[in-house]
Structures are given as C-alpha cells and as structure tokens.
C-alpha cells in the first residue's frame, strides 16, 4: 500500500521532470505526445488513489531534529485525504485529457504539460500530507505552479500581472500558515497532523493561543481560497489558459484553503471566535462576489467571481460548523465549475471570444457543449438532482438549525447564483435581441469527452456523495432541515435562473446595467470620494445646480417614459418581475463591484503602493554622499549615549 | 603639593594642550600642510602623555611612526590638494577658531592687483569664478553652506576646505565630546589601583609579544604586509584596460605643458603657495627656454593636463 | 603558560592560510601576465583552503580550550564558523577565477581573498580585544583591494573609497568603545570582562560601550543603521567580488558578535537582546522596502542581503535564551552562503558577458540560458524562502528559535518581511521567465570589448563558457542539499553551541 | 641643581662638537661635493630669497632641527657616568629623536615658500624613507648582541670585543646609512646647488647659522652613536673615557666624510634604489649573521 | 600620580570629539583620514591611561595600543594608495565628487 501511495505521489513529478528533459533533448515534440505523458501520469495516480481506497497507508520520515523538536514529513491516507485526492486525481486527469486537444496549436506545450504535472503532483502531496511541514511545502509549490501556469502566455501583460499578483497575494496568506505551524510545533512538539490534532483534542492548547493559531491558519485559507480581502488575484488569474483555470482556479488549488480548514477542523471547533470569523468572512465574500458576478461580461470572469462566491459558501458552511456540507460542496463545486470552465474553453476555441456581448445562439452550433453547460449551470443553481442541490441543501439545513438569519442570506445567495449563471448561459447559448450570433463548432473529441465525464460528475456526484459520503468523511451528519426551506431554496434557484434568462432574452446581457447600475455607481462614487469633492461642488455651485436641475428634470422625464413603457407591457407580469429583480440585483452588483474595486482592490493596491513609496522614501536616505554616511555613524554614537542614560540610577 | 606633583601637572597641561590644540588645528586650519603639522604635533603631545603615564616605549613608537608617516602623508596631501598652503583661503570669512589656526598663512604677494581681495592666488588675474556668492557670506563658519559649494565655479579647482555641513558637524561633535566629558566627570566607574608598572617596559612588552600575544604580533606583521602589498597593488602603474584610465595615468606622468597666454592658470592648475612666484619665473624664462620649470608639484601637472584634455 | 607545540597545532588552519598568503605575495607579483602561470595563486589558494577545511573539520571534536594564554578559543562554535568561512572563500574563489580568467586580476585576487578569509577565521576565535580589533581590520583591509580589483573602473573606485573610509571610521569608534570595557574591568579578555561586568559594572558605561562597539560589528553585519556602505560597495564592485564581500565578512561579523555578546555581555546586559531585536526589525524592513525599488540586480541583491542579515539577527537576538539559536544562525548563514553566492555567480557571468547588471539584461534570461537561469531562479527562490530550498529551512530554524526564545513578535515581523521580500525576488523571476528576451541584434556590446555571442543557438550552454560551472554546481547543490536534507548539516552545526566559557 | 648642570653640560658638549665638526668638515670636502649632484637637464629656477615665508613654519624649521639634535645628545655616553640620561630604551629614543631634524628640514623647506625650498621638503622626506629601514637594521645587530637598548649597556657589552669585529657588515651598513641620515656626501641632494643649496638658500642669515649648527651637530651625533654601537664607546686604555669617546667619534667622522666624499654623488631616486635593493637585504643578512653568532655563543655573555 | 585618570580620559574624549568633527566636516579624503587618525589617537590615550591606573602590572593594554598604532599606519598606507588611484582616475579626492552610487 505504501508503495502504491508513493507511486501516486511520484508519478506526476516524474512526468514533469521527464517532460523537461525531453524538451531539452528533442525540442520538436508534438503537443499530443507530451499531453499524453502528462495524462498517463494523471491516470497512474488516479488508479493508485482508487487502489488505495479504504486503506490507511501512511509513511513517515524524520526530516531532522532541531533542538527538541522533531520535524517529520509524511503522507497518509485517511477518509478525508483519500476523498480529496480522488477529487484532485479525477479532475486532473480529465483536464489533462482536455488539454491535449486545447493546447494542440499552442506554443510551448511541453512547458505547459510539465508545469501541469508538477502542479498535480504538488496538489496531491498537499492533500495527502500528514505533516504540516510537508503540507506547507506543497502549499508553496502549488503557488509556484500556479504562478508559472497563469503566466503561461507571458507575452500578454495581463497574464504577467495576473501571475505576479496571484503569487504574491496568496503568499501573504501563507505567512499565516508558516507562523501557525511554527506555533503549533512549539505548543505540541510535533508537526504530524494526526499528533497535532490529537494534542489539540487532548486540550494541549489554551484558548487565546488556539484562536490565534486558528486565525493564522484561516489567513492562509483566505489567501488560497480568495476570500476577502485577498480576493483580487483570482479574477486576475483568469489570464491563464482555460484548462488551468478549470483545474487550478476552480477545482483544486483554490479549494486548498477550504481543505486546510477541513483537515484541521478539530482545531477550529475549539475556537468559536475563529468560527465566527469564518462565518462572516464567508458570508460577505459570497455575497459580494455573487453580486459582482451578475454584471461581468467576460464569461470566465463570471465563473471566477462565481468561484469566489461558492468558496465563500464553503467557508460559511465551515463557520456554521458543518464541515460535511463544506466537503460535499467542495466536491460538487469542483465538478460543475470545472465543467463550466471547460465549456468556456470550448466556446472560446469555437467562437473566438468569451465576451458575453459578442456571443449568442451558440446552442445550435455546439449542442453537446451547450447541454454540458446547462447541466453544470443547473447544478450551480441548486436544481435537483444535480450536484449543487445536495450540498447546498446540507449547508442550508445547518444554517436553519444554527442561525436562521444565515439561512435567509443563503437563500439570497442561491437566488443570485441562479441569476448570474442563468444570465451568462443564456447570453451564450440563446439568441437575444441584437446578438451577433457568431459561428462556432464543437471542439475536438478529447475535449468533448472529458467535458462529458465531468458533466456527468456534476449531474450525479451530489447524489452519490449524499448516499455514501458520510461513511467516508470523519464528520458527523446534520439532521436534514425543514422541507419548506429546501423547497424554497430550489424555487429561488429556479427563479434566479429564469430571471436571468428573461432579462437576457429581453435586453441582452448589458442593457439593464446601463439603465440602473451606472447612476447608482456614480452615486456611490460620490459618497466615496466624499467631502473633498463636495467642496469643489460648492465652488462650482451655480452651474452645477443648474445642471443638476436639468439632469433631475431629464431623469424625471425618463422615469415617466419608462413607467409608461412598463405599463404598456403590464400584461407580461413575469417580465415586470424580472426587470424589477434584475434592477435590484444589478444595483447591488454595481455597489458590490465598486466596493470590491475601490475598497479591497484599491486597498491592496494602496498597500502595495505605500510599500513601494516607503521603499522609495528610504531609498532617498542612500544619498551616495560619504559624509552623510559617516555622519550617520556619529549620530548613532550620540543616540547610544542618550540610550545609555536609561541605565542611570 | 610637592614639586614633582606640580611638575607633573605642568607637563600634563602642556602636553594636553598640545594634543588637543593640535587636533583642533588639524581640523580647522585652512592650510593642508599646516593640518598635517598640527596633527603631528597632536601625536607628539599624545606621545608625551604616554611617557607621562610611564609608557615610554609606546610614546617613542608613536613619535617614530608618525613623524615619518605624517611627513609622507603631507606629501600626498600636497599632491592631492590644489591649495595646500591654504593661502587662497587665508582671508576668507572664517570663524574665530579657523582664523586662529590659520594665522600667519602666507598671503599672496600681489595684493595690489585688480581684485585686491587677496583671493587671487593665480597671480595672473582676471578669473571671474573667484567672485562667487560663497565668499560673500557674512559670519558663516563655512563658505556658503551646502548650496555654496555647487554654486562655485573655481575652474575645476577643489575647494578642499569647503564643508557644507560644518556647522552641524561642529554642533554634533561638541555634543558628543561634551557628553563624553560630562559622563566621564559624573560617572567615573574605573577601579583604579595604586600599583606601579615595572620599569622594564620594553622587556615586558617583548615577552608578552613573544608568548601571549604571539598571534597578535604575527598577525600585525601580516597586516602590514597586506598594507604594503595593497598599496603597491592599488597605486602601481599598470596595464589599464580602458582608454580613459590609461590616459589619466599617462597624463599624470607627462611633463607639464606650458601655460599659455590669456588663460589664467588658476582655471586649470592648482597653485601651491610656492608657485605664486612661479608665474613670474615662468614668464621671465619663457623666451629663453620655451619650457616651464619642472617643479610644479605633481598635482599641478596632472590637473593642468587633464583640464586641457577636457577643453 | 608558554606557547608550546600544542598552541601551534591548535591554530594549524590559520597557519596554513597565513603561510600560503605569505607565499602568495611574491608569487602573485611574479606570475601576473605570464600566461597560464597566473592561475598558480588560485591553485595554491584552493589547496590551502581545502587543507584548512580538512584540518578544521578534524578539529571539530576537540574539546573546548583557549590557547595562547586564553586569548584564542578553539571550540565548536569557532570551528563551525571557520568551516563556513573557508567554504565561502573557496566557492567565491571559483567564481572570481571564472570571472577574471585571462586577466591579470586572477593572480592578485586569491591573495586578498585568502587574507580576508584568514581575518574572518581569526575573528571568530579571538577572545582578546586586541585580537578582535586586529582581525576586524584584516577582514576589511584586503577587501578594499578586492573591491578595487579592476582599477580603471570608476564605480569600483568610488566603492573602494566609501568602503575604506566608512570601515575605518566604524572600526575606530568601536575600538574607542572597547577601551571603556578595559577601563571597567582592567582586562582585555572577553571572559574576564564578562565575569567582571556580571559582578558589577557601571550600567551606563556598559550600555554606552555596547552602543559604540555595536558600530564595528554592525558595520560588518550590514545592520541598519550601519548599512550605508553596503549598497554602494556591493553595486560598485564586480559581481563575484560582491558575492564574496557580502558573504565572508558578514558571516565573520555575525560569529564575532555572537561570541562577543555572549561572553562579554552575559545575561543580556544593557538589554542587548532587545536592542538587537529592534535593529533586526529595522534591518530587514529597510532592506526589503528599498530593494523593491531597485533596477539593478547587484543593488537589489545588496539590499536583499541586508534584509537577510536581519533574519539572522533574529536568531542572534535570542542567542542567550533559545537553546539552538546558535545553530540556527549558523544554519541560516551557511544557507545564505550558498544561495547568495549562486546568485552572484550568475550575475557575474552576465556582467562579464553584457557589461551590466541592469534588470533589463535579464529579460527572458531564463529562456535563453536555461541552466544559468535555473541556478539564479533557485537562488532567488531560496532567498525568498520557498521550500524545499535552503533558505526555507534556514528561515524555519530562525523562526523556531525566535518563538522558542519568547520573541514571537519578532518572528511575526520577520514572517511579514519574508512576504514583502517575495515581491522583488519574484519581480526578477518574472523578468527572467515571463518576458521574451530581446532580439540578438539589439544586444548592446560589452563596453570594454569582448562581446560574447548572445545567441539562442546553444540552448544547453549557460550563455557562456563552462568556467562558471564549478561554482554553479557547488552552490546549487548546497542550496538544494541544505533545503532537502538539513539533518546532517544541522547535526554538524550543533557543534556551534559549544562555546568556550 | 644636578639637572641644570647636566643640561648645561649637554649644551656645551653640543656647541663644542658642532664647532669642531664645522671646522673639521670642509677639510675633507672638495668643491664638487659642496655643489651637489649635477643638475638635471632643463632650466631651473634661479635663486630667490624667501620673500613671503610662512610666518610660523619657516623659523620653526631650524629650531626643530636643533631641538632634535639636542634631545638626541641626551643618551650619548661619554663615560660610565658621564651620560646625561641613561634611558632604558636609549637607542630607540635616539633613532626617534633624530627624525626631528627631517621634520625641521620639511618645515623650513615648506615654510620658506619658494619653489626650490619646497623641493627640499620633498627630497628630505624621500631621503628619510630611504634610510629609515636599513638604519634600523644597522642598529639591531648591536642591540641583539648587547641585549639592551640602553647606550651604556651597549658600551658595557663591548668590554671584551668591539662589535665592529663581530659585525663588520653591520658597521659598514651603519656608515652608509649614517651618511644618509646626516645629509652628507654622497647623499647631499637636498642641499644641491641646483636647488639653491636647499634650505640654506631660502634662509635668513640667523636661520642659516642655526642650520649649519644643527647639521654639524647631527654629523657629530651620528658619528658618536656609531662609536657607541660599534667602537666600544668610551672604552680604551690609558686615556680617560671622554677623550676616547671624542677620539673615536672624530675618527669615525673623518672616515665617513672622507669616504663619502670619494664616492660618486647620488640622486634621491638612486638613493631609494640603493636603500631598498642593496642596503635592506644586506641589513637583513647581517641580522641573520648576528643571530647565528649569538646562537653559536660568540659575543658578550 | 598627581594627575588623575579622569584628566587623561577627558583629553581622550576631546580628541575623539575633534576627530568626529574632522571626519564629518572635511571633504578631502586625506583630511578625513587624518581625522580617523585622531580617533585612533584617542583610543591609544584612553588605553594607556586605563592601563596606568587600572591594571599597570599587565602590559596587555600596551600591546593593544601598539596594535592600534600599527593599524593607524597601515590604514594610512593603504588609504593613500587608494587615494592615489582615485586621483589618477578622477582627478580629485574630494569625497563629494564621489556620489554616483546611490539610491
């Protein structure tokens, strides 16, 4: 069993090295061959992981002993790790297969597949690790692989920027991880996760320390899972190739944060404050991201924000104390989001764009892709019997039992998810007024096959998990919540889907945004910019008031006309509802995006800028003038003299 | 107080004054040569204090090391300085202390010339760069603050003594020195004894050097070796890989070019005070020899050459 | 106690180095310009360093003792740092030889390098204030010669001037501080001083003298605020020399300060651990922040090395309290040795090849010269502290030591700094891997002639001759080995906790 | 009281010695030597008076030089008890204090503020650099054998045999370097005619007189130290110590001046060359020889 | 010893202060070097004074002082060599002319 475990771990790394060497020896290798090597490795380790089912293989080795602390590295198969490994293996294999087709015409395919294999190997190590040290190492390796893969098209500046941003922002969270495991090492004297958890359960840690550690660990999860305030890197990471987005930025790497919390959940359970932090972070992230997703026009960006939102839901579930639900949602989300990404790649390949405003009516040209997309969208919207339904239902029941108001918020989330995915999918697949109707064709067989498998997963994985999952995972099940809530959730999801669809069919993917969201955005901006600009406004008072009055009158007129227009269509009640809902959603979305951009994005940028400015300021100290340098020495002498007076007694 | 004690205090006072005043003179005088001599005086004063403290061997060692060393060092300073005698600064606005230590600097001989400000060390007159704002400062310790230096156009001449942060420097060093003195006076924390050293200091030191401090002794030897080798390695003429450096080197060794009419030497050549006469000499001999006198100080040669190269 | 044969045997590595240095002086003067003979000093120096390494390693298990009437320590601590220093000298020599091949400097550099190493080796063992001052000078003085090795280089000249004057001033102030220690205790031996001070010295003078003494050590360790010389000197010297100057004197400075502080200021007198901790924060923060704004790689690495010094200082700050802080410091310094020298070896190659260290020269470097690029990338990642490289292990040990020594806040600050540091290391990596190299035609020729071919035609070659390969292999192997299998080395470095007392 | 007497004695001895030397010396010199080495090619500046001297340094020069010789005389023994002060480190003291003469030359040369006199400063300093190492080596031989730095002890150590017999090489070295230190032919370039006879040319009359006095005393002192180091000092049969001492001193002075005047004159550059390429190695060899002799048991016990 | 230790130390402190002034106020590298020599002198004086009053039986401090004097001499030698080179290459030893390395 141990041999199998090591095979599983080493296969992707071997493939990666082999590809690098191969590339050096024979630079002209065909992309397919390279892809199949990578695929083969993925298949080998999928097989190995499946072979490991039910075993409890583990291997450990002492890296070194520093002082009194033994630092070990090791891997182990437990229910949770096997479950996560299976997920990683499955999605990786399918994405690898898909990539064989997708990357056929790209340059640098060898590099791509080598990096892809490296990534899968690292991710697998991450999930199987039984040592915080190894987990941390794999965590960093995953970051490096992500950096390389996002920057794959390095000739594009946004890819470069995205790669840089992703690496550095996630690393910000890693700092928390590093400190957390060092603290754990100090407290428990071990880095073996099993021992650490045992010690934690034995009550080895007192509370403030425990909460601190939990929060530090959560900081790492925030970075990797793109929770607020470290969200901005994930949409930027969409500059990478689509298979990369599918694999890394939806299914595996971003789930690592959630996985980390799951893995160390016993620790979190003992830190209620940390759980609250999780809850709130998850909730706010999920909401804001869902709102932002509703106004995106790039399909991949819709999916990216949707990913953030769904990850927020998982974190929220964790915060509710429902790890099982989070784990289910992790798996379900991996399948349907990967499917969505793969279809996005197919659309991109086929139609040459991912811009919703340039698409439309693709269902006729690519029926298979369209059906996969629809399945995944239904799963995302929580329509039974697809995957999302099962997990969201679990989260909902946990929420209803613990904190009913969270359940209300969850309903809103489900509605929003339905809305944005309905909007996006409709805009792609169905004809809408003024749609350009590009021509497109179905992708290659390899790409279709893997998408199909994933779509099937998205269709059934939820049910399968709901039946057998609990036996696998070390978390207790919640009692199912009241039926009314569950029905309500499904209905709201469906309503969202329909609303989104209607909206697009009426106005296309952009119209309501112009009508409602922009003025709102301006208003919010006014608020943000605040008093300083108000002074300016007063200064230009007369002219401005005039214009304001003028604008007010015009808005009044427009409103009147709109009302008239709306009443003329009063017979279509549903339509009115749709518009109203859409308007509300859009308004929220505009606000949320603004918040995201101005507060968190800008906040991050501000932080970086101020760091840079600090560097620049300090740099001025290095004047190049020798006499100032020596002056510094003597100033220190004076300071030392003053300092020494502290000891005067 | 016995006679011996009075004598000791007297000797101490004289030697202390010599050391401190020497150092102060070194730091403030306008003449580089005098700086060197003042420093030497300071060293000799400290050596005297050593002898007073019955470390006679060390005192002598100090004197020997520094007379030779300082003479050579002054030689170098004269080489690098464009006004080693400091005469062109002699009548500048100076603080009291600078004026004190610069008393009696040889003043330029041609006071009746058109400038009449005693600043025109070139002696051939008409150098506009001399009238710069830095000179007009009223009571400043330095000649023009930090801005004044940049504003000066001395025709490539180094104003070796201009010191933009002088006032701050003086304040800082006063604070440091004063603070140290205050601490020393207020908190003497030294466990003094009445023991006396053995009279055979040379033997004692020799024995220590050969046993306990053998390593220090040998290492000091190595350090000196490094110093010699390093100085030779750095300063030896050698193959210059790039043209500029080679030119500079070659230039430094060329005989000086004749000083042409109409171009004031102060524009390109530093003029040590002894060269004040040189110009007259030079002019007197030009027809006869066509060449200048060969002694102008190596610095003068180099600078005039490079300045010409630049023009 | 007379200096018997025992004492001389105890300093055999030093004797070897000094003897070879003595031989090299005439040899270097004689062979320069004589074809392949000019490599003779290099060969001799390598032999001497290897022999010294061997003897030092043999002396590791010796019991702790102080020879020459207690002025010179032979103990685990000294031997460990001697090993690091000799290794640093050896690796740097490889790069220097590769860089100056076919030039006269190759004959002079080994001697200066040997003397710096000797100064460092002496410094880490010196127990006597006189010896400390002497060896500090020996550590700096030949380094001036190295910095000005290319005598016509104006940047190098400027660097030398700054280095020289700054060092002279700093070491003079330090010696002034040492005199007060002597005044308070009447002894020049660290251990006696420590005993006397512990028995009762005036706290004000103890603190003041510490402040003064810190200048000298801080200058060698490039602590903020004594770091001003470092960026200028590092960017003015040639790259391989910068590598050497940024490693060996720094390691020696750290070791010497540790010995000094632990022996002469026992029990954290004058609150030196706190002071050092504060300086550590200042050092790493300033180093990292200013490095963000650099556009030349040598200068960037200079600030990076200031920041790295800050990380080591974290271990120094807890040296008196955490039990394995000493070996953590030693470990970090040896990791720093490998990764920094690896980076500078590549910079040296590019500098000789292209005549510049501008970041723009590294555009697409990782794609043009994959192997050299990989060496540089590994070095930078290691400096940034990514597992499983040496820098990561070093940082883990240092942070563990800090937490162990009850300075968790310091560990937190250090960790935050590691993240900031990532920015600029990754910026270089992005330049190397995420940008297309410029077209060969647009390559600027080397200013001093001898432009190397910058063509993609030789993908296997690191963009230049194989002269740098020994250095590449050695440093990269060290970076990897220290990161992946730190156990054996750490066991070796645990000897560093044996401090003669 | 005794101190005053000794001081007066020293002064008297110095004055006498200087006078004797002053009158004795020209007898051995030809005009050619007095002129110094031939001038280098090219025109030289004509003689000029110090019209604008430095007010402090110009007069300080001869005074400093005289102080130097005066202080140096303190350790010259004319008899077992006829020594102004028997310092434990006498020889070392002598070497150090004689350097003041060079300092004086430099001050006077610079202070006169004429072109030629500054040349004196350069050349005098260069000559100091030339002689100082071999001179030290010439002393070390005697010191090693006597195992003391005290002049009296060194003379006592020669009770059995003069060191000239044991160390002829060292003695020869002393003769050469002594001449260099005393600025006598063939090492008179700082006083050559082509730079206006050095400091003499730029001096005022009273300074010139002091210079003559100082340099004459210097020659006397160096000969005296030579007698102490290698000729057994005051030791000799029949005659009283001081007489022997003076006899030996003047004999040595005669030999040095006469021998020097027969040698071709050297420029400063040649002096440096001679010093570093010939004298220093010879001195080192001498030290080795003396060491071997001591190990062999030769010399004073 | 009629003159107390503190008197000598004060002379040393004054020398130190003056050396500081010379080092930071002077612009000519040679003058700065001279300032550093004054600093070294202060060290020597301090050491010898402490030696005489604190521990006159042990001559170690004199050795230390000898080392300091040696260091001063070597520094002077190597410093002048460096300055010679700089002067040859740049025509000046004014330290404020050397400020191209900065930032």
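The chains carry the letters A, B, C, D and E, assigned in the order they are written, with residues numbered from 1 in each.
The rule is short, and it goes like this: contacts are C-beta pairs under 8 Å (C-beta built on N, C-alpha and C of every residue); 3 or more make two chains touch, one makes a residue touch a chain.
Predicted, not measured: the structure shown is a model, and the values here were computed from it.
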If a chain touches subunit A and subunit E alike, it appears here: B, C
Subunit C reached from subunit B - shortest hop count over touching chains: 1
Connectivity without subunit B (remaining chains kept where they are): A, C, E | D
Chain nearest the overall C-alpha centroid of the shown protein atoms: C
Relative to subunit E, chain with the most remote C-alpha centre: A
Selected interface, B-D versus B-E, where C-beta contact pairs are more numerous: B-E
Chain at maximum distance from subunit C, centres defined as averaged CA atoms: D
CA centroid of subunit C to CA centroid of subunit D, Å: 51
Subunit A-subunit C separation of Cα centroids, rounded to whole Å: 43
Chain centre separation (subunit D, subunit E; CA means) in Å: 32
Approximate Å spacing (C-alpha centroids) for the pair subunit C, subunit E: 27
Set of subunit C residues in contact with two or more other chains: 128, 130, 134, 137, 141, 144-145, 148, 151-152, 161-162, 165, 169, 173, 183, 186, 204-205, 208, 231-232, 293
Where subunit A touches two or more other chains at once, by residue number: 619, 622, 624, 626-627, 630-631, 634, 637, 641, 648
Junction residues of subunit B, two or more chains touched: 57, 72, 165, 169, 172-173, 176, 180, 183, 187, 190-191, 201, 212-213, 216, 220, 223, 226-227, 230, 233-234, 244-245
All pairs of touching chains, each written as two labels joined by a dash: A-B, A-C, A-E, B-C, B-D, B-E, C-E
Complex contact set, residues of subunit B against subunit E: 1, 4-6, 8-9, 12, 16, 19-20, 23-24, 26-27, 32, 35-36, 39, 42-43, 46, 49-50, 52-55, 57-58, 61-62, 65, 69, 72-73, 76-77, 79-81, 149, 158, 160-166, 169-170, 172-174, 176-178, 180-181, 184-185, 188, 190-193, 195-198, 201, 204-205, 208-209, 212-213, 216, 220, 223-224, 226-228, 230-235, 244-245, 248-249, 252, 299, 302-303, 306
Residue ranges of subunit A touching subunit E (in the complex, touch as defined): 619-620, 622-627, 630-631, 634, 637
For the subunit B and subunit D complex, residues of the former touching the latter: 33-34, 37, 40, 56-57, 60, 63-64, 67-68, 71-72, 74-75, 85, 103-107, 109, 199-202, 272-278, 281, 285, 288-289, 291, 293-295, 297
Subunit E residues touching subunit C - in the complex, by the definition given at the top: 9, 12, 16, 19, 23, 29, 32-33, 36, 39-40, 42-43, 46-47, 50-51, 54-55, 58, 60-61, 63-64, 67-68, 71, 74-75, 78-79, 82-83, 85-86, 89-90, 95, 98-103
For the subunit B and subunit A complex, residues of the former touching the latter: 165, 168-169, 172-173, 175-176, 179-180, 183, 187
